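The letters A, B, C and D name the chains in turn, as written, and every chain counts its residues from 1.
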Amino acid sequence: MTQARRRHDPAAKGFASDNYAGVHPEILQAIVLANEGHQIAYGDDVYTEALQEVFRAHLGPAAQVWPVFNGTAANVVGLRAMCASWEAVICAESAHIHTDEGGAPEVTGGLKLLTVPAPGGKLTPELIDRQAWGFGDPHRAQPKVVSISNATELGTVYTPQEIKAVCDHAHQLGLLVHLDGARVTNAAAALDVPLRALTTDAGVDVLSFGGTKAGLLYGEAVVVLNPEAARGVEYIRKTAMQLSSKMRFVSAQFEALLAGDLWLRNARRANAMAARLAAAVRDIPGVEVPRPVEANAVFAVLPKDVTVRLQKRFRFYTWDESTGEVRWMCAFDTTEADVDAFAAAIAEEMR
Amino acid sequence: MTQARRRHDPAAKGFASDNYAGVHPEILQAIVLANEGHQIAYGDDVYTEALQEVFRAHLGPAAQVWPVFNGTAANVVGLRAMCASWEAVICAESAHIHTDEGGAPEVTGGLKLLTVPAPGGKLTPELIDRQAWGFGDPHRAQPKVVSISNATELGTVYTPQEIKAVCDHAHQLGLLVHLDGARVTNAAAALDVPLRALTTDAGVDVLSFGGTKAGLLYGEAVVVLNPEAARGVEYIRKTAMQLSSKMRFVSAQFEALLAGDLWLRNARRANAMAARLAAAVRDIPGVEVPRPVEANAVFAVLPKDVTVRLQKRFRFYTWDESTGEVRWMCAFDTTEADVDAFAAAIAEEMR
Amino acid sequence: MTQARRRHDPAAKGFASDNYAGVHPEILQAIVLANEGHQIAYGDDVYTEALQEVFRAHLGPAAQVWPVFNGTAANVVGLRAMCASWEAVICAESAHIHTDEGGAPEVTGGLKLLTVPAPGGKLTPELIDRQAWGFGDPHRAQPKVVSISNATELGTVYTPQEIKAVCDHAHQLGLLVHLDGARVTNAAAALDVPLRALTTDAGVDVLSFGGTKAGLLYGEAVVVLNPEAARGVEYIRKTAMQLSSKMRFVSAQFEALLAGDLWLRNARRANAMAARLAAAVRDIPGVEVPRPVEANAVFAVLPKDVTVRLQKRFRFYTWDESTGEVRWMCAFDTTEADVDAFAAAIAEEMR
Amino acid sequence: MTQARRRHDPAAKGFASDNYAGVHPEILQAIVLANEGHQIAYGDDVYTEALQEVFRAHLGPAAQVWPVFNGTAANVVGLRAMCASWEAVICAESAHIHTDEGGAPEVTGGLKLLTVPAPGGKLTPELIDRQAWGFGDPHRAQPKVVSISNATELGTVYTPQEIKAVCDHAHQLGLLVHLDGARVTNAAAALDVPLRALTTDAGVDVLSFGGTKAGLLYGEAVVVLNPEAARGVEYIRKTAMQLSSKMRFVSAQFEALLAGDLWLRNARRANAMAARLAAAVRDIPGVEVPRPVEANAVFAVLPKDVTVRLQKRFRFYTWDESTGEVRWMCAFDTTEADVDAFAAAIAEEMR
């Protein structure tokens, strides 16, 4: 047993983020199975070849999949392939690309983000119009892409109709649509619709498909649904330092996630646990659940001293210092017992 | 068994690249062991904490380690942290950063490379002087870093004395030294010296430590040996889209590689197989081995028709179309039987 | 007479922008006077040497001046010299760097802008706090600079006290302050204070000093007031493609503007004409002047059909399509007759 | 008289660079003539409109001209408009974009340069082939543009036939051709051919047209000869901070240069003075003129102590410290008396 393993408490689980979880055992098994002999590096392996078919079965025959290492990269590589150097991205002020990627879109991608305050984290045609102007004026970074997230950073879920409305409006304006799908499996599971209902069928052009939060060890994918919408993904992925040499293992993981229903089982579990948690705390006096719980996130407003005490027992983040709002995320490995223990602790600390 | 697994011939091995190999079983075991419960994401986990100690045991108490996803990223993040936006990197014309990274240093890093033709892929003080000039002149990208690779792209190995000569000269000129160590374990094993003899003790400032070719599933590391030499690695790693959420697994792999002697066993094996291959083919009439075989690469000149026939049986790359030179890489999983079968095939095709 | 000159109506003047004006005759005379013999290129000439003294006389002995070609460049070069690659700039949502530079700060500078809705275009300590957080968190682009404009895009003027409050607050937070002074001479003239009252004495670290709108043919300057606040301006200017070869002529123009009181005469004229215009139209029934007229801009709300008819007679821009707000700028060459003719036309069209 | 003017010795002329010269009087006159009333800013003025016709008269009806501030910018904006982010530029090792622009192409443009040692500074089909390979391989920055300079940095001149050979070969390979024409007027004058013989008619796709060294105050132009070859110049110019507000003055200068024969007179003068200088020094014992004198540059090898003494009397640069080679540039304002005085001084110092 290593030094590090000794310090690792395997029983500890929390509600800080769905990427605090480890790897789903079926994913790990897929890695083990792929680990024999040699495979051509950098994506010319049989696993990556097969992955194209897996994604096409879900997202239609035009889909092209380009595995990358992480979600920030999937977003930046995809957006970069959609935009010329002078083109810009319209997104919600709460979008992950704007708030949580350390400025990677601007610093590394050279992409200007045109943000809009969006209630519930969701863009609408009306909100898009607030930034979709100035076409042809070199003094204004040219709007080119509308980027939405599903599920959103605020735990809400766009319906297929809502996404279609965004896409139709964007396309009428000559804009393309990017979907940050770090939690797209949670969104599909929440609505009980196939993945393509929220993507291809709704008119999305390019998708960041999330693997890590869905149970992978590592790996996300840029999925081009409209081949006219993206250019040079292969080269951009390389210059963005996202071309994995032993790519067979990223692809084998995704195949394990998507060839059967593992993606759905994992997402349903995470969503169900969030619903269970919300139900358990909603009636505790003094706890407010101010946002709809639609996927695997629960937002709650607690007294700050309760938050402090509770964070000593379970990991989670404060979302808004000024209001005392906190965020609790459920993962594919969150159990009913985990939720019940946490809810009990909340009740206890609130007393 | 998945679609992809069915297409995967586990017996197939070749000599194309050390990253065609899979994962060493002890590394895979470390991943499995780390896969329980929750760990803080993005590097605040116990494995990454322990990794600092592991690297310091090898490289001295000042070493700081920053895991990233791949080798191109380790190089670009490290160099970016060493250079202001207007500063440039002196390297051999054959350096991986110049020839094999798709332009990532320039395109993503905004780094100008000042290249020098370097026999055997190795820089010397004299060769450095060919680009180390123009200090203070804004018309010239300001030389700031000398980047060397060990083992080199040409399969040669710098000795500690050679690296020290480079570092001393660079430091006298006010330059820093970066070492691309994608195969630094092979270099250390080849010379039978500790890792620090080729790095910290020789005066290297920042190191890209290679994991993938040494047997990891994925993962490389930026290792800052001289804390004065690099600034903002933490932030640059994030904006370079190289901050892994489930970082515990990168760190656990590196711990498995470096806490014991796995790194040395793997490197010795790969080097020994290259030596065995060179010995086996050197005397085949018509085969020339034009470069010293010092690590895990063998370069050979073959008749082109032989190369064509041989590549149908074993994967490997032509290095120089004009001369018929080919490159054969051995990996940590190359066996004596693999080498002997390949050597026999070469002999057979040459007849 | 050239083709172009024949098409040029020298009598035509409008209220579209202060950069529709030409060059002040005294500036042109300075160019002519500097045009003999040879001078060292790229800034090692006697005019650029003298310019340092001219700026120091205005802005204090620590000031360093770096001429560039235009205002976008002055802003991006200055900000780039203040920020490491991962650092960000807090500014008003209406800031020129955010709205009117085609995305140059992000696309070319790799700078993330953290914007705040700012009434009247002016930041305050309270507004700065809305973005000044997340220090040390690599997921957030690190706030480093507060950038303000004086006069603002909305024609308002910060007082020395207001700037000092911004600077004191920023410095307490470890932030630096950049002032976009494309119209800093108008601001100083409006308040009847010396230039240093709005810059050096108020605590500004780096200044973009506007020349073009003040009457130059071309030329702006990055002025570093706090030498600790900027790094590598010389090199950044070159890589930003802003190093003029015949720099003597930029410097000679600035000397002509600033060695005497030309800057003040020009700014006072432009401001006075805006005041005259505002006074003339304020009482026309149906015309609203919704913002304070503090420098050389007048904003007005007109019926849209009036705007359309009026724009056929005089050039000016609509500021906000939705409200019918238009913007009228006065320049150093705007005359009382120009204003009176325009005001009469407005009155006429409103009838 | 200003401070600076007093320090300015109008009689001083040297041989350091053609941009040490001032402005040709006819150019200055054009500025004065354009300086009345208002003109629309940012290029929508009558001078810039007329400029299109002027350039088309020289370079054919497809030419599109985009004025910028300086030569580095013309090169980077043009190349950026020709290349996707992952595409690279083949050029001579001695090219200005590689040696003298402070790394602007890489740092600001994100462009990788693939350099070739080129005798006399001139590329040929054979030399291009040394870098024109690796198409479709994401590990190699994709060659897209061949950039040549005429006249070259070494004072040599490509003939129309030589340029055509480069262009034909490049086009066959799917590459585009960029010509850095900082001294293209000198080249055309040297060969006594029209400008289009060296550009449009030879197959050049995009041209950087040099104004400053040809006698302008400031101003260069990106000229797109093949509209298929460049994309987004208008937007790239803005984000590259090269959109001049008072553009009428850049355009008026170019019109003055090109509408008549001023460009030719200026270039002929400079070339003739270089020829005169070469003739005068070639026979001085101990002075070697190692390169052909084809345009306005003379290279000479002198004893180093002579160079030191001579540089106290006339400004010029040492080209190669190791060989003692120096460079003497003649400008549009170099007179026979200037040359004769300089040649006499050389003879004197050599005695």
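Points to keep in mind about this one:
We take it that a residue touches a chain if its C-beta (ideal position, glycine included) is under 8 Å from a C-beta of that chain, and two chains touch if they have at least 3 such contacts.
The model shown is predicted, which means the values in this text are computed figures rather than measured ones.
By number of C-beta pairs in contact, C-D leads over the other of C-D and A-D.
Set against the C-alpha centre of chain A, every other chain centre is closer than that of D.
Distance between chain centres (mean CA atoms), chain B to chain D: 42 Å.
Centres computed as Cα averages put chain C at a distance of 32 Å from chain D. Each chain gets one centre point, the mean of its Cα atoms, and the points for chain A and chain D are 50 Å apart. The set of chain D residues that touch two or more partner chains comprises 85-86, 101-103, 107-108, 110, 138-139, 141, 235, 238-239, 243.
On the chain C side of its complex with chain D, the touching residues are 1-5, 7-14, 16-17, 19-23, 28, 30-41, 46-47, 49-51, 53-54, 69-73, 76, 101-104, 107-108, 212, 217-218, 235, 238-246, 248-249, 251-252, 255-256, 259, 315, 331.
Contacts from chain A toward chain D in the complex involve residues 42, 80, 84-86, 110, 138-139, 141-142, 231-232, 234-239, 243.
Interface residues of chain C, counted against chain A in their complex, comprise 85-86, 88, 99-103, 106-108, 110-113, 115, 138-141.
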